[in-house]
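To keep things simple, chains are lettered A, B, C, D, E and F as they appear, and every chain counts its residues starting from 1.
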């Protein structure tokens, strides 16, 4: 059985992430979306919120599950019996970083391979930090994130501002 | 009428910035230099100081004005009726980031296009952060920033050190 | 008066080229599309055919004219009193080559500057050679070239094959 | 059923190719290695020889078959009911070209997706043309190609030289 | 006499660093490893610890000495009468940054030139921050750092966790 | 003794090449400029002419000699007891290609290392093929090649045109 892990911060999930999820779910038997709890960064959304968003946007894809993890990705992969790491590639600087990660992960656990999909051109410019910056200034994010989470992103910033 | 915006932090303005200003001022009818007030970064110079430096170094260019802004660049462009964003390109990593910005801004406001000029080779290695690092250690910055602001940069660091 | 030159082989013109033409025509007073007669390459279409295609697809843009040239671009620019060279940027390898060209042209004629526009993401993958390869094998090119030249491209390959 | 195609010239197959074959064969149910008959290039080895080499080096991998093709890759994929194209990534310039190919193929046939694996660092510098250049001058190629074809490569060059 | 400086943070020294040290020590008469005291970053190891590690791993290379420095690299080079800066190149983003540094240093002190070596492919993916991240989560670092410092890295994290 | 080889086609030598020659001659005891006789390319200048040009422009550098070679660079290096290959780096695409060459040469002969210098920014855009293209159309090449060979380049094209 081919078990894939698609790791990330997903803070928040974008249409670019969703594109990779849909396409990679076709290439593996089971796809686990791994949401990183990174203690050294302060995310906009809590790990619980980010997991919840991903559950909403993947409701219709039967072989996808969402889990959070912390620590090394290769350890999470081993724990889940996953043999494939899925990553989206957008740009050159992405590519260098991803190449480095893939090689390091392979050195740490030779049983896990990394499979790359290139982000659809329509989302090639898109990242969670772009979404956060636009939302922070009240700009329109409808064309960047799944429709079911648009309001949640605005709400978060309204709450931050009202503090 | 072609109104261009050249946005940046200009902390402080360098000879590379000035090169882009002079060349892009020839390509548009009016050039607005937009100085970013970024609340999440702590700049060396206040936004007022940075605007003042730019006024000094562009005194002789009649179609250039200086303004500060905060928020999204596309909103500032709309407010000023600008239809062109001007950006300087130095290097590969610049290019990727600039491409992403240009595509995002175009999605947010399709009436605004981004025009790139490549930095003159003489200044291809130059950035405001390089200037700050050299000045911080008392190195020579005469060949990196307009002559009229050299002393102001040194003064700033002397003031910081005396605190 | 701002006179721009958009040089290229246009063998044949693609929707990516047309995107750059439309956008750059807004940024200059007059845009001259310069079609390169390169004696060392054997193009699919003659220079007369390539000029004719460009005339058809730019019929509705009043400030665009089409001309062929050979020799150095800076000489052609000088002859036409053009002060701006327009180039589209797609990718990293493009970028390096374009940077080199822009710097060389500036050294040869300091009065001419190069303005870059980034290709719309929708056409970021597109080149004339891709179009030729697909058409050569009878693939569909409707989404790659202006509709008015689709048949001409197929006709050319049918003629080649019948020889 | 997941059917993958790993296309290429394989002139000749290298240890880098073999690494991608072994790893991608694990990720799909059936892997078809597609050997390109490119009429516009003159390869060192005939398409029959290249197919034969690949058969020898993949004898032990049950779900791999070798076929030659000409024309567009997406047409070959459709004919074989393949839904995945496999490509190895080595370097930046590779990446740009591969991205362009993947986007074009996806536009031509949206049912086919491209999956990238990064070449093992050990083979990151390796290409068929490097092998050919070294063999041409009598250099050692044992560390670059599968052992069973080393002699065949030398024999080819001896035969060329004796003509 | 050719005196080279190999500057860096070395937090901690990796097998990639050691590879560059061994190879560059052959190319100069005297190699000074310059360990940067950067007051604006909080390193894992103190500058004294980092110097000590480097002394241990270079015990057998007679023409290597270790020193710490702060301030501008070109000032340190002048003080030591060094005329060569040694840098390792791994990747594209490295390359851009290194090119910028080399050009700036050359402008600040034209008597100092920068010599680049490319990191051995085996260590091409390796950085001190990768080592720190793996060690932080208890992963294996034996294949990334010289054996004599493996335990020290683990000890440091155990000490941090016990605080 | 440190013997370096600076290999290339030098068709013709440019001011960029000369910059690398002068700087690398300081870093080694003896520098051999290796002029490649490449039977598969048809150069503008014969190998004898290219060697002669290099002799003229390096007259004042005592530790430089010029030799032509064909075949593998590592074999030429071994024959000359050279332990260092010198290469100039200009751009990203250069970098990838050079990295591949350096790794391959190191695999073929582990005793030879490759040292890179970055081309002075003033010549960063410059290549022999640029010089040839400009000269072919009668453009000015004084700022691109050493003054003593300017006339020879023009003469060559006049001779070609008169045939």
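Here is the rule we go by: a contact is a pair of C-beta atoms (placed from the backbone, for glycine too) under 8 Å apart; a residue touches a chain by one contact, two chains touch by 3 or more.
The structure presented is a predicted model; accordingly, all values stated were derived computationally and were not measured.
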Shared interface partners, meaning chains that touch chain C and chain E: A, B, D, F
Chain centre separation (chain B, chain C; CA means) in Å: 32
Whole-Å gap separating chain D and chain E, where each centre is the average of the chain's CA atoms: 39
Residues of chain C engaged with two or more neighbouring chains: 92-93, 96, 99, 103, 121, 124-125
Which chain pairs touch, all of them: A-B, A-C, A-D, A-E, B-C, B-E, B-F, C-D, C-F, D-E, D-F, E-F
Residues on chain C engaged by chain A in the complex (per definition of touch): 92, 121-122, 124-125
Residue ranges of chain D touching chain C (in the complex, touch as defined): 71-72, 74-75, 92-93, 96, 99-100, 103-104, 107-108
Footprint of chain B on chain A - complex, ascending: 91-93, 124-127, 130, 133-134, 137, 139-140, 143
Residues of chain F touching chain E in the complex: 2, 23, 26-27, 83-84, 89, 92, 95-96, 98-99, 102-103, 106, 113-118, 120-121
